[in-house]
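Each of the next two complexes has chain A plus one other chain: chain B in the first, chain C in the second.
The block that comes next holds the complex of A and B.
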């Protein structure tokens, strides 16, 4: 019998009231106004079922980090219960600020068009002050730079043509961050996949995965975008026989788990083919289908931070496994702690202090370890760590791309294919 | 993914087994459905306090031969039992956990309700006691305003019975008061987080000094040091008086810290700890496990030469009781139990409950059975095992640790 998934719609009935989730909730540690995952989740749900008005405003303090679910010994989807209650709660109105933070696609498109101007204007103190007072976006927060050219534009212009020359093919869900802020990560992935003998494809109409829309209450739009993405994923997996990979742990968690759990969008037919690039690569190497050869002159001290959503996926082992394959990497695994950003959560003025306090233990450890750089699979963790510590942060894929001996790898995989 | 050994269950037993294997060069993985029962720990490990017939045990090794052959300690045997008694403190020491007490003789502990009970080794938070008598003078019995998982009234009654002079003190501290915003979640762990800062411990010491001038001993709930022992050490060092920490009702701060430190050390030794994942099915042939599949790793099989089942008892879902029977949910292993359900329990809640001894049936090497056949590359360890009653015999911690060591040694081929 399968206990964990033998669950009724009332998943909260599995809760034993053991309070373990509260121990691991990063928010409740620093903000006593948040009732904690047990109270806000399974306990509160009992009341909300009977009286929907019982949904209280403190639910918004949940960062949706899912640490409660990872810690729960009884398989209660605590984070989902809280997020679903927020979605159902009709009392809250979506603020203009939240809509802007949530619409990463629209804002990204506009910002990249005028990237140099946006990047410098947004750093000006008066602008920050104005955003702080009018928009309630905290002025102490550093914004990520926007790229002048989106990843999609670069790909179509420089990379797309040659991709069909490779025997094996994969689809890359680049996400908003790679597209608008940091195309280099996408370029790094293309470099690795090509060297491994894989052609890279993009989905025709990739939309933002929707996580920020979900956490800011824009559910209709989230569902619409999720639908578009599912069309693209289904075409890739079912028609073209290509796995969909991404370099962002949150995009992957959203499309695999938040779509069915929070948006009610069934993805069973393709879910296993929605994958992290690191897991995809690790698996190919493990099954001896590809070989990666690294430069002998690459020597770095790297501290690895596992993002909460990667912890929830349970896939830290793949990113760490890959980094360990690079001989010149002296790898240190940081303690499992939340960085505090929670996506758009930490940008909001009312959450700034909580966000920074949550991240404190992680920041402290990074400064103590003093690595050459930190590696992590999440873009918002990167922003938070770079803003709050002296360390630079790289995605494991970028580390692999840096350390890769492209020529040797390419040759080795030609042999593999024969 | 290929490992030397895969351990299912990441609590006390799974971690001890994993650490022992990693220390000896194996490449292992632990798959754990959420956090473990160590979060409810008493703050001490019991080894063997009492026999079934009520005989009190002072030196556990002397009583091993009197246990029935189905008892896990009987399967371990006297020689190894004595060896493990001495080995355990150093094993925990490797993980920076100092266990106090005489490893060969039982000592005593004070329960959250003030009772004095027998035990084996205690966590460093607590004071060791060689006799069942509470021997303190002029005690300030302190609690934090609003903390409901600690019962000074009961403890006070016991102190009074021991003719021990005490006075109850309720401590008021502004940063603790803040936690009362959320009365249902004002737990030991939340208080512990507040005392992670030395500044707040200083404030506590100041309050103690001004309120407890009369006292030579300060009794406090064990709510210090969730991630390291440093706050406990700081408190004990800086307070001019003797500090006596007492266990609280769950969640247990010393237990959680112990879990974290064992896990950290296991990872430090190179083990892969997969938290929040569940083994859902296995590829098996008639007498061995070929690979297991988990919820998080989709179709990727995890395979190993050996498998250890350390999934815990009823509370941790390692053993499931249904009206039609008692079973083991991961591999459907054979269990020892009574086919007649009315024999499972005693209507008197406080008497010995027969179901406590139910669990996975194993041979003398702790190899489990499936449909009557031994699984050659699998072992069971800890409270998932049958044949002991952790409550009435007071042997839960010992069985978890010793069977884990025994299984690890069998896998390593040393015994």
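The block that comes next holds the complex of A and C.
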């Protein structure tokens, strides 16, 4: 028992009260009911220890963007503290609406079965009004379209057979958005990886990463799904020696950091092999293991928006770096500003106004820049920006796929392999 | 009756003086209370804040044990906003004598304390932070008490019943007429003048400083200043009081109180000359940490906020020149009987949480001397702040700042029915001054207007500003701004700010390492660098 080592191992005690987190919080500036990350996080923690039964309703205003954590000079995991407090607060009972917003897998499976009907019905004004008044899902919100064919179905039908012909292999965690709403992004990734000489595999029994379950308080289910995903990731990384990549920054952040921090699921053994597709590609190019060759006739003005969760990972540099490699892209980096959607947060009626106010500076800048399109790594940012501005939004992977000279790239990488 | 004539003068604004003032005022006496510095400035605020069940004294001092459990139940009833019913554990570790434990339970029951032997596993469930190696555990009705709030509740109630209370009035002489004390001469440190007050009875409730007050009358009281050092941890480590089940020794009580936990104490005799200058030594910090970890191992990796020390007013049983026979019990001295000097009473010894009983005993004696027949009602009359808060939820409040549920809950908990009065000026009164302790503008204004808070240090005692993890980093300049609104002497507020931060540093210094040191450094940059406080010259006023 050596007293010389009395150093705190409580993360919240490392807070020096400098309040930088609150300055960077997008919610606190537009919603006076949110006391801000410092008060709700490390400060609140001391009061939660004093009143263990206290239900703090102000915590639900946190949209879990994690900008506070990026800003904190002391490494306090403020967002995690707030989310953990919400999870512990058992008094919050889960509403039907929240359960529907959180269960992207089930809702997605059902919606894709009747995609054309769902897509048009959900746009009808009476339906929107009904959802608004009964479910408290804001009627002003635009829903993403569902695809008739899931990505998984397409992949099994058209792409799977040829993948084993490539020397090197990766596993693709497509996530719910690619699977149910926008399979094209997944197809774009397969196209790039194949051209670079990589075969693409799906994970065994992929489940939704669970972020929406976590933020809506469905922890038991989140843990179950995380467990399934970890089994798949471990098989891919440890048995098959394949890195798991994804095109969604939020799925990656969830599996790398939220699993251990919020769900208590240890992922140390494979965490470094859970990667963003852009970072994976950039580093391969940087190490001269692959080459990407772009079409000379591709000319676009692109504005890049970095999603909060990619900021938290510190990885926007890879997406930006890749886009810069395309000669014909005139790239403009938008100011780092939360778009306001916060996943399912912005769909809720009570958050709609806050959500739009948070995104306001970003929307204004996009209109001023007036690019051919906006590039961003997050699907919910895409919905929000497309709904709130006149711009179209693409994932950097889709931009690369568009600009890629597939033939030339394929040939160049054949040489690389030899 | 003249303006400066009273039925009774009480010297000392600690819990004993405050409680006595209330009791006397409730019994219809005209009361004057004088305090040389500020309320709660002495031993009242420098202890564990433990609401004893009495179990601690069951083995050695059954009389004190009985007093404790009776007062424990009374305080829970009359001042629910000042006490926390946390419950307590007496734990036996492998190295402790288990026969003590068996005897302990019997003695507790004899004293009327509801002590229950519980299974070690159950004890761990009850308090997960407890040392998992415990061999035996006893549950007792311990709790914690907020000495600041309790004292001020007594002062408020005394005033509500006509008492006059004055801070920064130091008694410099006792006015003697033949063999009686008929009044006192006090020096007002703020007005810088001598004032005379008269009363047929004067009560010396000066705690350890009562020794010097008695000397003014040429009377000697044998007191033994015993220093006790304590450490404050940054957050609540435990929610149940943890005691070591053995003969009282160093660092064997861990008390959760408000947002923090306290480990203490040490015990060492100090010379009289040192009682106004208490500091904690590195050896004491080491000892507290080493022993404290045996109660709750997590103390090893918990941030320490500060260290402080107090002086117990221990008193030798009369006519024992050796001083060995030291009592921790209540001592009421009628100097007429003891020394042949009329009109002068000393009430001392005892404990924070037996103050009410001490006050009752002293007031009974006063009434006897004044030939008044009236009985004590303090055991049943509720103290101010013990009612329910009727403050409305944030939605109904006019405001421009956040009034989040924890802030509201905290305010209701601290002030009860008085909470509505914290919103005197409307919208800004719900915004926070101290973010660590959730102290609002309204509370600070209330303390300035109604609780004699004249500087930052007294504001801290009234409201908890500067007591949290940042130790004044954010709140002190904000509170100084509110003080400046209420004074014309702005420069004095600046000096106040410096003194306050230095006072905070005094307690941080013995434990300044790790995050606490980083935070102090940040604070120092803010106040020296941005606010330029370092250039104000030190001019400590040392008038008498």
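The rule is short, and it goes like this: the second predicted complex is superposed on the first by the 408 of 418 C-alpha atoms of A that agree within 3 Å, B and C clash if a C-alpha of one lies under 4 Å from a C-alpha of the other, contacts with A are read in each partner's own complex, and residues count from 1 in each chain.
Here is the rule we use: a contact is a pair of C-beta atoms (placed from the backbone, for glycine too) under 8 Å apart; a residue touches a chain by one contact, two chains touch by 3 or more.
Predicted model, so just to flag it, every value in this text is computed and none were measured.
Legend: residue contacts after superposition of the two complexes on their common chain; A:46 is shown touching chain C, with no touch to chain B.
Of the two partner chains, chain B is the only one touched by A:75; chain C is not. In the superposition on chain A, contact of A:19 is made with both chain B and chain C. In the superposed model, A:32 lies in contact with both chain B and chain C. Residue contacts after overlaying the shared chain place A:283 against chain B, while chain C stays out of touching range. Applying the stated contact rule after C-alpha superposition, one finds that A:311 touches chain B and leaves chain C untouched. Once the two complexes are overlaid on the shared chain, A:54 sits against chain C while remaining clear of chain B. Judged by the touch definition given at the top, the superposed model places A:10 against chain C, while chain B stays out of reach.
Residues 1, 3, 18-19, 32-36, 38-39, 43, 74 of chain A lie at the contact with chain B in one complex and at the contact with chain C in the other.
Per the touch definition, chain A reaches chain B in the complex via residues 1-4, 18-20, 22-24, 28-29, 32-36, 38-39, 43, 69-75, 272, 283, 286, 311-315, 317, 333, 335-336. Chain C meets chain A in the complex at residues 234-236, 239, 258-259, 286, 289-290, 293, 299-304, 394, 400-402, 404-407, 409-410, 432, 435-436, 438, 468-470, 473-474, 513-515, 518-519, 522.
Across the complex, chain B meets chain A through its residues 1-2, 33-36, 39-40, 178-179, 181-182, 184-185, 187, 189-190, 193, 226, 250-251, 256, 264, 267, 272, 274-278, 280, 294-300, 316-317, 320, 322, 327, 329. The residues of chain A lying in touch with chain C in their complex are 1, 3, 5-10, 12-19, 32-36, 38-40, 43-52, 54-58, 74.
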